[in-house]
Amino acid sequence: MADRDEQSLFEAPPIAEQERMIEAILFATSEPVTLQDLAGRMPHGSDPAEALVHLRRRYEGRGVQVVRVGDAWAIRTAADLGFLMRKEVVETRKLSRAAIETLAIVAYHQPATRAEIEEIRGVSVSRGTLDQLIELGWVKIGRRKMSPGRPVTFVVTPEFLDHFGLETARDLPGLKELRAAGLLDSRPPPGLIPIGDGDGDNEDQPDMFGDE
Amino acid sequence: MADRDEQSLFEAPPIAEQERMIEAILFATSEPVTLQDLAGRMPHGSDPAEALVHLRRRYEGRGVQVVRVGDAWAIRTAADLGFLMRKEVVETRKLSRAAIETLAIVAYHQPATRAEIEEIRGVSVSRGTLDQLIELGWVKIGRRKMSPGRPVTFVVTPEFLDHFGLETARDLPGLKELRAAGLLDSRPPPGLIPIGDGDGDNEDQPDMFGDE
Amino acid sequence: MSGDFEEIGQSVGDRLAAEALIVDVGAYEGPLDVLLMLSRTQKVDLRQISILALAEQYLTFVEQAKELRIELAADYLVMAAWLAYLKSRLLLPPDPSEEGPSGEELAAHLQFQLARLEAMRESAAKLMGRDQKGRDFFARGLSLDVERVRRVTYTATLLDLMQAYARIRTRDDFRPFVFDRDAVMSMEQALDRLRPLIGHMGDWADLSSYLPTGWGEDPARRRAATAATFAASLELAKEGHIDIRQSETFAPIQIRRKTRDNG
């Protein structure tokens, strides 16, 4: 180059100073900066390539790194700290009716097979509903049932008990208590044996918990 | 918080690691980040204030600096390297003399009412002047003053501090001297007391000499 | 000769004074600004300034503006009147019967105002002389926005659980009297049925062709199955698995598997 000699007349800043300059440029620029660009912006006679080696070493192990992007350079977050750049927004939603009913049936009737749940709910249980309850950690797959086809059963987990403040699933209030609490329609079903007539309402439950 | 105790069981990361985290967070954004925000993003038990002391020291004399802006922190390039950043300079609209003076009055006298600004400058403040400062994000409306008419007050913003490289509004140049000289006192004009009800807040009275 | 000389000398002096004083009224930010400019000619601390002399200067300024037919805004004239009044208060011995502040008090306040305005001017200059962001120092050029991750947690209370169970049990007891479940098909059933079929769907086909066998004859069962299948197909369309169309009102509803390119 014609002006090479002319430029060498100016004394280049010390390498530590060049390092500072690159640090500032890489920080303030939105795009990665090429060596050529760096050289163009720094005082004549600067050696950005060498200064970069120093700068890069200085940032080793730090929270940000001097990285090469193609033929340009940039400052980026250290990979192991990427989690800091994420903000978790927790959204709380109510369980769907299908899910809460399925959960209730599992809790009251465990171990319960899918067929049993469907029989009690009167509708089929979508795979998603049980998956969701399992994902929530409230329901897990229990032992297979000793019946034809050996279907899997579902049981509630310790996390379920923890969430609902129960010591055991047996602590769940029975129908009689539900009615006393006003949760059951007290109107006697027409022509039917009234529900919760003393102790007859839980008859199918104890054995279900018994064989665990 | 209910889970405070539970969380304190987890050990906070070593301070050097916390320093890295803050480094990563501050490098990632152009906006100052509050201590509270930092604490919220770092693992529980972290002490961002202490880690910041270390980080700040680490960047002393570097090409970028850890600076305080009100109760927030940011990284900014060192002012002596501004010449490298010509490419990044965003040409800002030149402020009028009225705007600059109004800004200074708000900064030094805050919270300042419009009437106070007018009293100091001796002319009425055109609507556009304050609007412009508000639009720039340097001035905002503060609390209403507890004086007759409950006039709104104007105060400077964290963005103002950020723009002028001030840690707090107390660091305004010459503030102490001005206060010592009594030049920041709100001194009502003698003899005008009946109009302003004794507090000098005679709004809509830009011409405070008018009644004598 | 000498008279001429004097005359010329005076007019030069006047001209100079006029030039010094009347630059351009439009350049002043009000009477206080003019006073501040005039006070600088006294070359003393603003707190020590002679208000009497300043009032004199200001009145001259206003006079000259009038001579030059410069129209001054009302507040300049108000200030002139006030200064004339102040001047007389300062010159005349105080009248003990007069109420209100003394001339000295008024003069002191004007000194204070001038000093305060000048202090603010200097402070404004210092402020603007500071290193400024975007000019002398810079913020991060590349702002990584914090990525927001949405995590959904589901909650239910023991009460929800009990109510759900109570609901089911109550329904059980009523069931033989309320429903003839034979003719009811739930959307979930229809969904379970349709889902595995999606993979085999070809081009547009009537929804009715997807009704389960055995549900097409009895009108009640057909109605239930059609409704459930339609609801299920809407759900599948919402999930992006199928397309759904109807050429006009009451025309057959058609569905097909969604083509992959836009999904």
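For clarity, chains are labelled A, B and C in written order, and residue numbers in each chain start from 1.
One rule holds in what follows: contacts are C-beta pairs under 8 Å (C-beta built on N, C-alpha and C of every residue); 3 or more make two chains touch, one makes a residue touch a chain.
Being a predicted model, the structure only gives us computed values, none of them experimental.
Averaging the CA coordinates per chain and comparing them to the mean over all protein CA atoms picks out C as nearest. Comparing the centres of all chains, each the average of its CA atoms, the largest separation from subunit B belongs to A.
Chain geometry summary: the mean Cα position of subunit B and that of subunit C are 18 Å apart. Here the spacing of subunit A and subunit B, counted between their Cα centres, is 39 Å. One inter-chain figure worth recording: subunit A and subunit C are separated by 35 Å, centre to centre, where each centre is the mean of the chain's CA atoms. In subunit C, the residues that reach two or more other chains under the touch definition are 138-141, 144, 146. For subunit B, residues touching at least two other chains, in rising order: 27-28, 75, 77-78, 81, 85, 88.
Listed in rising order, the residues of subunit B touching subunit C in the complex are 27-31, 65, 74-79, 81-82, 85, 88-90, 92, 95, 97-98, 100-101, 103-105, 107-108, 120-123, 162-166, 172-174, 178, 181, 183, 187, 189-191, 206-207, 209-210, 212. If you check the complex, the residues on subunit C that touch subunit B are 29-33, 75, 78-79, 82, 85, 100-101, 105-106, 109, 112-113, 115-117, 119-124, 126-128, 130-141, 143-146. Interface residues of subunit B facing subunit A in the complex, by the touch rule stated above, are 19-25, 27-28, 41-42, 61-64, 75, 77-78, 81, 84-85, 87-88. Per the touch definition, subunit C reaches subunit A in the complex via residues 138-142, 144, 146-158, 160-175, 177, 179, 181, 186, 188-189, 191-192.
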